[in-house]
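Shared chain: chain A. Partners: chain B in the first complex, chain C in the second.
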Partner chain A sequence: MTKAKISRMQYFLLIPNLLFPKAIGITAGVTARRVGGDAWTAMSIGFVVGASILLLMILLSSKFPNLTLIGIADQVLGKWPSKLVGLVLLIFFIIGFAVSANVMTLHLKEYFLIETPFIIICLIYILLCMYGVALGVENIIRYALLGFLGCLLINITMVFGTINDFEWINFLPVFDRGLMANIAGSIYVLGDLALAIMAIGMIFPMLNDSNKAGWLTFWALATSAVIIMIWPILELGVMGAGAMEQYVVVCMQQIRCAQLTRFLPRYELIMVFFFTFATFVQSATLYFCAVYSVKQTISVKKDWYIVVPLAFVLLPVTYFMARDHNDYVNFLDYPWSQICTALSIGIPLLLFIIALVRGQLMKDNQSAAGSSSA
Partner chain B sequence: MIRKLVASILLIITLVIPSGCWDMREINEIGLVMAVGIDKSPRDPNLFLVTVQVANPQGSGSSGGEKQKNESQVWIANAEGKTIFDAIREIARFSSQRIMWAHNNIIVVGESLARDDITPVIDFFTHNHELRMKTWMAVTPLSAGDVVSSNVGMGNAPGRSITEVFRFQNLTGLGLPSDLLNVYHDFTSENNNLLISSLTLNEALTQAGLADISENIVEQIEVSGLAVFDKNRMLGYLTADEARGLSWFLGESPNLVISLPHPQNQNKSVAVEMNAVKAKIDSRLNQGAPEFTIEISGSGHISEEDTFSSLTINEFKSTLENLAEQQIAAEIRSSVSKVQKEYRSDVLRFGKTVHVQHKKEWNRDLKYRWAEIFPESEVEVVVKVSIESSTLNQVPLRNYKELANTNDQSQDK
Partner chain C sequence: MQQKVSGDLRKDEQLLIDTIGQGLDTEYRHLLVPALNNASVLIVYIKGLINTTELEDAIIRPLTAPSRNANEKGAKKTPLPEFIESTLFIAGVKQSQDWTEICDAIVSGDSVLLINKYDAAFILANRGWESRAISEPTSEVEIRGPKDSFVENLMPNMALIRRRVRDYGLRFEGMRLGDRSKTDVVMVYIEGLVNDQILHEVRTRLQKIKTDAIMVSNYIEEFIEDSKYSIFPKMERTERPDKASAAILEGRIVIMVDNTPFVVIAPSVFWNFLQSPTDYYEKYILGTFWRSIRLLAMFLAISSSSAYVLLTSFHQEMLPTSLALKIAADRQGVPFPAAIEAFVMEVLLEVMNEAGLRLPKALGQTVSIVGTLVIGQAAVQAGLIGPALVIAVATGAISSYAIPSFAMSSAIRLLRFPVLFCSSLFGIFGYLGAVIFITLYLMSLRSFGAPFYSPISPFQKDDQKDTLLRLPRPQMKKRPSLAKPQDSVRQTTTPRSQNKSEEGGP
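Right, the complex of A and B next:
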């Protein structure tokens, strides 16, 4: 697992996969409940802020190219604080996995497999992700290509299916709730970007060529912004803020509105098929990051000693988080988004500032590959 | 080796579990609902009466045969319940197939229920994951059950036929395309009230040529205007003509035909088919009071002239443009006035216009008093019509015989 390497293209494709599923599935509804028709502006603000933090993370990682976030903490803060960072990240990735997994489980439970016990859906999905992690992160990330193509296909089919019902007036007036409300509402997108920020912090050392990684990340984020922001924009233009506020899985509601001519009046299952790959990549990557956090924090050598027991933790967390979908959405609303914002801004910024003060950003840290390195 | 073994076991487990899917439904066990009608129960107004029209594939085969001719193409059932869901589950007591909503074409709501509260209907069908949001929705002054049970249209399945009636509404403008998506959009909107197309049954002749005509007069569904709502309660109807007045600016690119008096003979008409109609609503504040301008622009084509003309094509077009502008403006004024003065419910999206164009004033004051302000707002209608062609013809229809006589007489002289 530790010798895995990913190509620049895989890295580029991974970023949209880490952001897309939850952002289009759940976040738009959560944001609309807070700021109504300003959901798309609030999400745009959140995206810009989150993208800036991710770029800061890349800047930090590129100064320690062989180290994960926990390894950087080890270098910058010392051994025991880095263990604490590792523990925090482990908990973050466990919950992050459950949040991501439940994007898929809720799609299935609420729209397709109504009578199937929720625990079975959770179990199968976790087994699938576990299999992916067992095969190694490079195998998961290979799916990023399929995930990205799936994102493009779902977007194309959604746009063509709903464009006839699109009304610009639903966007107006812009900033109806005011700039401050928009900034406050942007926090929910930071919850999504936090998953990517932390995951990239763990995966960055695996990038086989980190030359100009900042630009690579920037363009990956720009691509992600296009394919993600098209959803709240079309959801708002087609359904309106009132309807968006009503639902848990807003993207499925949007898909219920789509109709590709009279001859293909509904194609939810096709669209969910396209969506599955990206969701799998997101969930499995977070599972891998949780495994890797344990591995680096307590120095366990055998992956299987972590992968299997972790599944026994992930199953109840995933199940109980979304057994009642209202609880799940309430959890995303508060405190998950706030925690994500604090961690995703706090950890990289703290490490960056301390490393800067200690002059470690100026040094060549290329060879600083201790026990916690990739 | 252990890794491969564990992976294989996991794969086998994953394959075994989904093979017996809980949600499996065989096609022959499913009854596909084609149309549904919701009424208040005549027995107890606190109960819902749900009527479903379910496709009967046995009766709609194309191979013909005496047995199939006698079988109905749809199966009609109804049941009562305290909730709509309860009533639908009641149907399951005697239905041999499980009701499935995924292919439902239309939801018809009885007037008595719509006047009481349409919320349960909208809520149930937007809650239902099977139903498409592009399902049509209509209100009827009759019993919704009667409308759903009627055998209508030229197609095999009546539910599909009703859908087609809706689909071609932009040709008549007698209603608006009220699908569940539009209805839910307005229902959950801060500013808009609901407008839902209304359906009635009318007598129509079918199967012409048979001996006894009276046997072949059947009830035919038609779009008869619009039901106007205030929040969740229906207030009344706009007639088909009044609905047409709103179609000019609320419809989706209406392709309406207007019949204008012939410029040289008031007793005869000229038909102009409008297309590329664009509408814009503007608002301004006059001492704090909103005033509106509805601007309509579009092009038209002369499609029928019922008598001869001696005008040049440019004179003919120009006169018809003026007449068309006056007629469209009059239709709009009449409908807007009825909505404002009689129903006093903002189904015209005026509130949204003020919200967008005067955000501060709206949020500060106007939205709280909108119910009183809306009926008193001044509305100006500006119509610009350009008649671009006299379809296929180069000149207005000439009476060549009369022209020939005139020429002969002048030559004789």
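Right, the complex of A and C next:
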């Protein structure tokens, strides 16, 4: 796995894929439930805060260019604390995978396969992701191009389908709940960004050219923000905050509001078609990160020894998390977003500060690669 | 076989008889050569494989002609090899002592000359057998462009390439594969253009083939391709010399196999299989349009019957109301679920397809009529299947034929079944799962080191000029990076820019 290399373009395209599916699918609704019509401002704040954490992560990774987050922890904190970081990341990625997978499974269960047992949907989706991981992270990330194109196509069709029903009045008053409520509401976007931050922390060493990686990440994040923020803005403009709060999968309601032509009164199917690619990339990448966390923490050589047993862990976690969609939404509301915020800020910041205090940020850490990355 | 030529003609003849036999087609012909003081010689050849006229006129007649110098005293004696080379009027003479080489030459169509009291044989290159004339390609028909195609004989095939590529670096590197078939296999490439690593890899893989026989080029393909169990072809096959020459000029390697009119091209990527020479023989915009049509056709070939099943069985609400009502009305009374209907129709279509391919033309038409009328129209009228399904299945079938490569088209047709199966079980989820599975698999494949799904993913910006798009020829300044050619520049200037500068423009 460590030999895998990804190009700058693949890296650029991966970031929107890591953010888009859950952010448009679930987060907008959860945020609207907390801050009503201020969902788009709260999400915008979340993006700004998240971007700075992600850039901190990139700064840290570029100081240790050949090391994953666990490898950096090993260098900075020592062997046993790094094992603890590895364990924390493993749990984070397992739950992150379940959160991501359930974006897809809930779409399917609630809109397309109402009679199919939920466990079957979870099982098939996990098997699909497992296949992707077995083929290698390079192949998953190659899929990011299709995922990104899918995201663009959904956005274009959604904008054309709903723009006629757009009402500016739904935005007023801006900052209705106050700035503090908006900042508190931004935590849900941080939950999404945390997945990207941690995943980038694991994947960054595979980037074949990390020159100006900060700028690359910044532009990838800016692109992601644009294609994601269109959704809460249009959802609010078309449906209004009241309607947004009522649904778990708000984007599907938005698509149901859209009518492309008289012949395509409903195009949820087309939307899901485009949406699935990005969701797959997000879920499979998180699965890979979980596998890689185990690999680095307990130094297992064979991937299959981790990939298959991990599927047996992911299945119940995914199933029980969203068996009842209210439980899922409640979990995202509390404590998942809070945990994500704490970890995504805490781990990179802690490592950065300790490395800075120890003077490791000034050293050339290139040579340390081999020892820590399994 | 370790023996060498002994120089005792009787003994050597017996050894040859023991090795290659004395069958109806094998000729052992004894002569006396006046120029060699009536020395006894033996010519051995296989009757159907040599050029008989050449044998008589260029070998036997000169050998048996009375010598001018034989009776002259003090005449300078010419060494035997030089005498043979200067006396016989044939393209090549090679001296050998190795029995394996001598026997190989005989079974390959050369004649062998043995001379009494001389411990070497002369291999005389006078191959010539009945062969099909160069004709129009049958499986890759193009409206414009050259009308010639490869034949089963290596020599004319090499000439067809040489006529198109007159580069001094063009190489025909031969080897003989198959312990029993001893088939001639030739690697064709341009030295100085082809990537040395890829060339070495192809050569090594070919040399590693240890088998009894190579009958057709597909044998070679199966031996040397990556991911041998894959359903997708990873090397292009063509019977068109223009296509093979174009591949050589891109720095790729063409492998020719004796007795096969199809050559294989390495490395190849997925998108090569959706391209056709016609794309380059018409205006660029048409080339781009046809490529997009083929891409659509590939999508329809995989998806049409699956879309029918998932829309009628799982997601009826996604259809426009009028269409949903029409399909429902047409399906009223159909005794089978949509999935069974679709499977049966797809299987029947494949049966008809297979029958149509094997039968003579006249009978093939009968099969088409029976298939269309009886299985299609009558089944609909009898209420056994819905008419919309017939349209869906027929659309898929016709679309699959729009893919230029037969191997890729067949792979796509076969993939319809698992996709249909998944769609029948889980609707859109099954369909998307199958599509993701297939695409991921495609992305994981490689062809001699080149990612099979490139240049789309991994994305190669420069190669987009000739992948899904087909830009005007002057814009394609670089060769595709697929084969990592040593010289990536195809052209430096365009005629238009030259004209502009001549006119004093910018």
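Rule of thumb we're sticking to: the second predicted complex is superposed on the first by the 371 of 374 C-alpha atoms of A that agree within 3 Å, B and C clash if a C-alpha of one lies under 4 Å from a C-alpha of the other, contacts with A are read in each partner's own complex, and residues count from 1 in each chain.
To be clear about the criterion, contacts are C-beta pairs under 8 Å (C-beta built on N, C-alpha and C of every residue); 3 or more make two chains touch, one makes a residue touch a chain.
Because the structure is a prediction, the values reported are computed rather than measured.
> If we overlay the two complexes on their shared chain A, which of chain B and chain C does A:R266 touch? Say first, second, both or neither.
In the superposition, A:R266 touches chain B and chain C alike.
> Between chain B (first) and chain C (second), which, if any, makes contact with A:W304: first, second, both or neither?
So A:W304 only meets chain B here.
> State whether A:I124 touches chain B only (first), chain C only (second), both chains, or neither.
both
> Pick one for A:L172: touches chain B only (first), chain C only (second), both, or neither.
First partner only.
> In the overlaid three-chain picture, which partner chain does A:Y143 touch, first (chain B) or second (chain C), both, or neither?
After superposition on chain A, A:Y143 lies in contact with chain C alone.
> For A:T116, is the partner it touches chain B (first), chain C (second), both, or none of the two (neither)?
In the superposed model, A:T116 contacts both chain B and chain C.
> In the superposed arrangement, which partner chain does A:S7 touch: chain B (first), chain C (second), both, or neither?
Touch status of A:S7: second partner only.
> Residue by residue on chain A, keep only those touching chain B in one complex and chain C in the other, then list them.
112-113, 116, 120, 124, 128, 131, 135, 265-266
> Of all residues in chain A, which touch chain B in the complex?
Answer in residue numbers: 36, 110-117, 120, 123-124, 127-128, 130-131, 134-135, 165, 169, 172-173, 176, 238-240, 242-243, 245-246, 253, 256-257, 259, 265-266, 304.
> Along chain A, where are the residues that touch chain C in the complex?
Listed in rising order, the residues of chain A that touch chain C are 7, 9-10, 108, 112-113, 116, 120-121, 124-125, 128, 131-132, 135-136, 139-140, 142-143, 145-146, 262-269, 272-273, 276-277, 280.
> Which chain C residues qualify as touching chain A in the complex?
Interface residues on the chain C side: 314-315, 317-318, 320-321, 426-430, 432-433, 436-437, 439-441, 443-444, 451, 453, 456-459.
> Under the definition above, what is the set of chain B residues touching chain A in their complex?
The contact residues of chain B facing chain A are 2-3, 6-7, 10-11, 13-14, 17-18, 21-23, 102, 126, 129, 131-134, 181-182, 184-185, 187-190, 349, 352, 355-356, 359, 363.
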